[in-house]
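Below, chain A partners chain B and then partners chain C, in two separate complexes.
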Partner chain A sequence: MTATASATPAAPLGTAGPAASLARHRTTLLLTGAAVLLVLGSVLVGHGAWPASLTVDLDGPLGDVSDWIIDNRDTHPLFLYFFGHLSNAVVLSVRGVYLVLLAAGWAGVTAAAGLIAWRVAGLRLAVTAVVAFLVCAVLGMWVPTMQTLALMVIAVLASVGLGAVLGLAAGLSDRVFRVLRPVLDTMQVMPAFAYLLPVVLVFGIGVPAAVLATVVYAAPPMARLTALGLRDADAGVMEAAASLGATGRQRLFTARLPLARRELLLGLNQTIMMALSMAVIASVIGAGGLGDRVYQALASVDVGAALAAGIPIVLLAVVLDRVTAAAGHRLGAAPRPGSARLGWAVAAAGTVVAAVVARTVASTGWPDGWTADITRPVNTAVGWMTDHLYSGVPVVGGTADWAGRFTTWVLDPVRDALQWLPWWAVLLLIAVLALLIGTWRTMLTAVLAMAAIGVLDVWDPALDTLSQVLAGVAVTLVAGFAVGIAASRSSRVEALLRPVLDVFQTMPQFVYLIPVVALFGVGRAPAVAAAVIYALPAVVRITTQGMNGVDPVTMESSRSLGATGFQQLLKVQLPLARPALLLAVNQGVVLVLAVVVIGGLVGGGSLGYSAVFGLAQGDLATGLVAGAAIVLLGLMLDRVTQPTRRRSGKGA
Partner chain B sequence: MARTRTPVVALASAAALVAVAGCGAADMTRQASPFANARGAKTVTLSVQSWVGAQANVAVAEYLLEHELGYRVDTVQIDEVPAWDALSQGRVDAILEDWGHPDQEARYVRDKKTIRSGGELGVTGHIGWFVPTYFAKQHPDVTDWRNLDTYADSFRTAESGGKGQLLDGSPSYVTNDKALVKNLGLDYQVVFSGSEAAQITQIKQFAKEKKPFLTYWYKPQWLFEQVPMTEVKLPAYKEGCDAEPEKVACAYPHTPLKKYLNARFAGAGGRAATFLKNFSWGTEDQNKVALMIADQKMSPQDAAKEWVDANEKKWRAWIPE
Partner chain C sequence: MNTPPHVFSVRDLWKVFGPKADRVPGDAELGALDAAELRARTGCTAAVRDVSFDVRKGEVFVVMGLSGSGKSTLVRCLTRLIEPTSGEVTMDGEDVLAMNAGRLRELRRHRASMVFQHFGLLPHRSVLDNVAYGLEIQGMGRAERRERAAGVIAKVGLDGLESRRPGQLSGGQQQRVGLARALAVDPEVLLFDEPFSALDPLIRRDMQEEVVRLHREEGRTMVFITHDLNEALKLGDRIALMRDGRIVQLGTPEEIVGSPADDYVRDFVRDVPREQVVTVRAAMRPADSAESVSGPALAPDATVSEAIEAVVRTGETARVVEGGRCLGVVDHACLLGVVAGVPAVKEAV
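Now for the complex of A and B:
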């Protein structure tokens, strides 16, 4: 944040005079203004947390809404004729897919996965896909995997449909684009946890609620990328198409959509990945499947069983990610319609043959004797770790001692300082930070979001959560930048890191929680630790990409000028990679918040706990207010750290 | 051409929407899980709560339903209060262990009649405040709430901010602890561990180092077999003393745990429903299975099998003719 003057978009050269000099002295002006306001505020407004007179109590009205819904759900036409059918449609379609998957049996599904991967991505990924599905079966997770897959298929189809429609509208109409863009941007930074409560309110716990939460969570990337792809269409090509007399519809289908297919596939890829991560979190509201197994295992501190269900999730993620990404790359090559049709025919035939053969030889279920139990060895390993690392390790101290120190020396002071600050000073601080990094518009959103948290009367818990986020982000950035720079300087480190990052980025957030409890005990420290582990891969990856993206010519010329490696890093690479580093900060903040909130399950307290409490006690007033505050906090943090130009997509 | 077709498409989709929506009312009390009754199997969906005792009930019921009665059993993990809602909507067929939810009972059993009582589980539950027995032996007077303040220092942690720590568990559990601490004027801070898993891990860590701690806990619970704990006496429970959540200043009651069935399932659920109504076992049995699951890390199926093999006389009585 020190080099701010150069980062703010420079005023256009033509407008010399007061405007230009204003832009040049922006940082100074800002800081002076803030200092003046600080003095004025302390004299005029006084000290203290958010004033009670400015709050709105929503407990009563929200409680009434919740009661009304429960009392009228079986009789009111809104439910009988709309939500009820929606819910039944979801149940029916998930069930349909599930029955097809069960009927195909393990052999059929595995063969289909392998053959599809072969068709769209080549032989290597086909082998990966087959192995992945077999491992799911060997771990004894075949049925939960199929349940998750069935839910995913429906959720992804719905998300893609919804996203494509919204994206088409936004891509073709400027007005729709202007309205949708900020909404989609915001939806993409919201923690998954905040989506769960509203759907539960309407649909109750169960698969329909889980599917709808997943759709709402996963559709935005599809919509965003469709719109962007359509809007970026080459003007020359469009002009040519128009001059050839193509109608609007013809132009759309023969020029615009084909030109945007790369973005469309990227959107599909992101939608699938987000749907998977949500399908796991949605186990809290009754999604069933693999996520539910993880959730149940965590209830009895069974890291081994949680891992047995977590591995299939990771494998599904890796296969889906690689296959859709490879499909995107392949699209560049010229299509060969004849051979493609033949290939698909072979694939379909192969699936049917595999399913039928397996069915006649044995049953469709995975044979009981072929499963391997990894629960015991994993738990032994975890037990050994806790026995030997938890406490009383000579010199360095045990992990529990670290957690205690981290809480006492970092988390407590940050939280106390934030809560000690007068409310208007917090708002002022946010405004200054947002202006330094972003624009007036981001500043306004950030300040309004924070003020809304005060109005909702969750000021103190929100600051508690904020302190955890800040501490987590600090650790993430220090570690992430260090590793990222190391990876960018050595291709061997990068090659070593890549598979690790891939796996870590697709692991369900749940699985991180229990090992951190085993290592750090209960409280805010483990919540922050889980958040750091979760956010680290994205930060490392963006940092590495940013550093590698620095123009080699510039690097070469700096070297020829006699710069040492360290000087080069400090004076050339880091300043040039600044946009990427800011993006890493932004992503780090968003991802840390997402997990700190889930940390309410391991003693993180504050907003996350209130959200869990709301779900668990059916006390939707508490939960919804906490959920809204989480959304607002995420919005604030995102806007404050938002560089002027955004890259598309979550993570790297 | 495009222009003439747009309204046509709009009209058609509107008509389709009306057709779908207007074809009749959806039955909101028949919201079965999409994974139920797959391929002709008769399925029972049971709600599993997050604590291991409840998992033990479900594991044994599941084993017997599958091996003796030929059903397929789906289990869903749902917290206590939302489980009532799911039971009412038919998303689950039965809850096997309920710790007393008078509001929900009034709403669903008495008013809406979508849930029916399934009788008692045979286990009596009790919530309380506990200290480890090794600490209570050294300091016998800690077991009276009036002396707790003198020990506040011993129970202090990084999370409790200068006060003694009262470790609480999952947000879904029945608790009056915040009100209790306030109304009894204790120098303690309630620290919510957020989930039972987290709380158990924490208690085990304390016990390993023989550190003192004060925790919200409940009986029957398998952890007592590993970490012996002694209850701290709170002001005695009297009928109705916990009526107003804000003003509670008395101990928790002893609750006979109950089973509840979805009303439709209770009527038309056949042998499965009868079996679940008959299902009733003792604290000791439940603990045995729970301990196998949570401590020996056996899979619930294996633990259930072991209990079933050893206790045929008990479960034979539950199987309907």
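Now for the complex of A and C:
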């Protein structure tokens, strides 16, 4: 009896086909295969970095292309009749908006911001908006703020237009969607820095290049969300519209588009935030405005000046994000009593009155006496910090000591190890990792991308950047998972964290460089630190959401079985939250890379530096190769850590 | 022979989903397969198989079946929200399947409107604008359509809620909006696709009574899809019972309950309170001379349960009277026979 009973459950295991057993032992098989290849490779191929015979020197041809473009920019019809007009139109419209903003004066712009925020998002955000703009003015940053705002207005309008058109096409046509979706997905994970070089190649350094880079960077979320929103329209509502005899156009305008308005507004929000982020970074290619002030200040390690320009960036980001987000939340609620048109008329009238009054009473400019110079006190504080906190603090050591130790004990060994590894071993490692987490398809893309980096002859700098990314990701994940799990287990921690995360997630990447330079000086460690700070909020948030997303019934049943809190965490929550945790890894990697690359501006070296150097020196060939390598590195890292998107995407 | 004209006439209708679906209807061998075999052989699913029926003007025609029986697909084929694979659908003698896009839109705009199980309301519009939506699609001006919509809203009992959003309404209220939207265009036929399945039992009963009331007041033709037998019996003048895409029985509620066509139908109607469906015309026996002059009088289409009440109250055999003529009588035995589901034994009287 007992023998039969115990034999029965074993039977299915025995009868399982070879395919099933293959799947079960996949990990073992992969690791064994990798080990065999490792031994074979070391015997047959040998040691060393990417072989010179396998590289392609692009400096020459790229230099030629760049020279040809510079020579022909004023004569070739393509430039005369297309890029030229485009460029002029951009310059003119940015200039136009800028002049309007200046003419409205600080009072007019502040009033307009407050009134728009009031109409869209209510009184509290109106006050926030007004205060934010006044602070910008008090800091003496009115003019650069207006420059950035003018560039933003044009870039956002263009991004939204372009994104909406693409999204509409992809939302209504399956074929367009199939083509566009992977492109948009990939564009979304590209570091902002990579977009700068191609536009500079065509347009040269200046406002047009900055605007176009911003548009290319900021349009994808709009397109993506528009497409998704249109495709997700409630089938029941669409059928009801059809049953009433609506034409295709009526269905689109009265049902499908209004049903997608939440996604459309979310797209607008994301586009604005990405445009701001890029408009600041694009100071490297001549965007001017606030970003330029930060860039110049960082170049001379003038933390005070950088902060004076950085604060307006953060304020702008917070106001823009909150107002557009609030517009999204208000959807679906009943309209407030009173005519909407009347409210907007009041807002417009208020703006005009404020502008005119301020103009007649004083000049349009912000009065000089009202500015507060924070540069000097901040620099004094930073100087004090440099003197007292950099090193030699008893017990804990100084910040510079930390940075130095992090470089010596973490960054250097990782970099050296990566560069010491034979090139084929690196590829093998990537392949095994990608196969373990994803599919053979993601593995192929990742390996090919890494191999392309070798072919471009930037193997060593790329591995340097990779080492910074790995170190940054490791720190981010350890801290992020810990904080995320803590937040998911205590609502008090979550309540404390939420506003902090909200602010951190809205700040443009560039801004993170300012505090780390103040704390750690320049070098690779501060670049990694900035990357960690930038990536941490997203990782924390995804972790918390994943842990909280675990089915409460499952949690309750495990509790009813007498599981301790720790057992629950280990045996129920973490395994069930696995997809979210993997997503957190993926996001962490992508975000860390984006900032590590920008860290080239503060001594991060490697690819980011090559890109900046290429831009600064007009050596576009070097810059473009570095930019391409950044893209490839981003692609490789994304694909290696991209586990479930394709599988779960099937159902969606 | 003076039956009212047919609004919808459906002949040999097939709807097959899947690759090369149009080979299935013509093929007698494939058509005979059951659902699983058909899927295995062709990868197709036949949702509607060879269905024919007529909807008479002014009647409530109920299509009843369990989920997956093809009833929702069938009603969508009537206005080509789902394109039939083969067969014939005519409305007022006009071939629906031959209509071009413009003519079909006209049909949907003016002649047949539908009420959906999940309402299909536009969440961003007020109740008033949702009800006016069909008129807006017809191209009616804002003021006129709002006025018309306000009238319909009053008719379905939603006064005072005109400016609410659908999200602020209960399920029953939302379905009233859906009903009002369909009524607003003043269609010749109302199509209901399981309109009350998502509602609570009490609300469902209210809504059923609402439909009965509307039908009594306006006499509009209705095609009503449901999986609820009681709902079908309550609302339907005639019921088509569907199973696996075919109509297994078509008849009045009394015919379905009283003489089920096969074991499936019999099983289906087993728990129905027959006394509420069967009329005394079916339950009566011939009267002898004494009985035909005394006792309470009933109309032939009175239900058995009404007769029971009359018989119990008077203690006499009830007469079935039509036009002053006594057609027969019902006594305890006849009535109990209906309740018990067995024919009364005549000798026992």
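The rule is short, and it goes like this: the second predicted complex is superposed on the first by the 593 of 652 C-alpha atoms of A that agree within 3 Å, B and C clash if a C-alpha of one lies under 4 Å from a C-alpha of the other, contacts with A are read in each partner's own complex, and residues count from 1 in each chain.
The rule is simple: a residue touches a chain if its C-beta (ideal position, glycine included) is under 8 Å from a C-beta of that chain, and two chains touch if they have at least 3 such contacts.
This structure is a prediction, so every number in the text was calculated from the model and none was measured.
On the shared subunit chain A, the superposed partners chain B and chain C are arranged side by side without overlap.
Look at A:205: by the touch rule set out above, it reaches chain B but stays clear of chain C. When the two structures are aligned on the shared chain, A:236 is found in touch with chain C, with no touch to chain B.
Touch criterion not met for A:27: it reaches neither chain B nor chain C. Legend: residue contacts after superposition of the two complexes on their common chain; A:82 is shown touching chain B, with no touch to chain C.
Of the two partner chains placed by superposition, A:488 touches none, neither chain B nor chain C.
Greater residue coverage of chain A by touch, when chain B is weighed against chain C, goes to B. With both structures placed on the common chain, the touch criterion links A:99 to chain B but leaves chain C unconnected. In the superposition on chain A, A:150 contacts chain B only, with no contact to chain C.
Shared-chain residue A:245: touches chain C; no touch with chain B.
Of the two partner chains placed by the overlay, neither chain B nor chain C lies in contact with A:505. Nearest C-alpha atoms belonging to chain B and chain C sit 11 Å apart in the superposition, given in whole angstrom.
Across the two superposed structures, the residue set of chain A contacted by chain B and also by chain C is 247.
By the touch rule above, chain A contacts chain B in their complex via residues 70, 73-74, 77, 79-85, 87-88, 90-92, 94-95, 98-99, 102-103, 147, 150, 200, 204-208, 247-249, 283, 285-286, 288, 292, 295-296, 298-302, 304-305, 373, 375-376, 379, 386, 390-391, 400, 403-404, 407-408, 412, 514, 517-518, 521-525, 599-605, 608-609, 612-613, 615-619.
For chain B in complex with chain A, the residues that touch the partner chain are 1-2, 20-22, 25-29, 31-35, 38-39, 48, 50-52, 55, 74-86, 89, 91, 107, 112, 114, 157-159, 161, 167, 170-172, 191-202, 205, 208-209, 293-294, 297, 299. On chain C, the positions that touch chain A within their shared complex are 79, 81, 104-110, 113-114, 116-126, 133-134, 136-138, 163-165, 167-168, 178, 181, 185. In the complex of the two chains, the chain A residues touching chain C come out as 234, 236-237, 239-247, 250, 254-255, 258-259, 261, 331-334.
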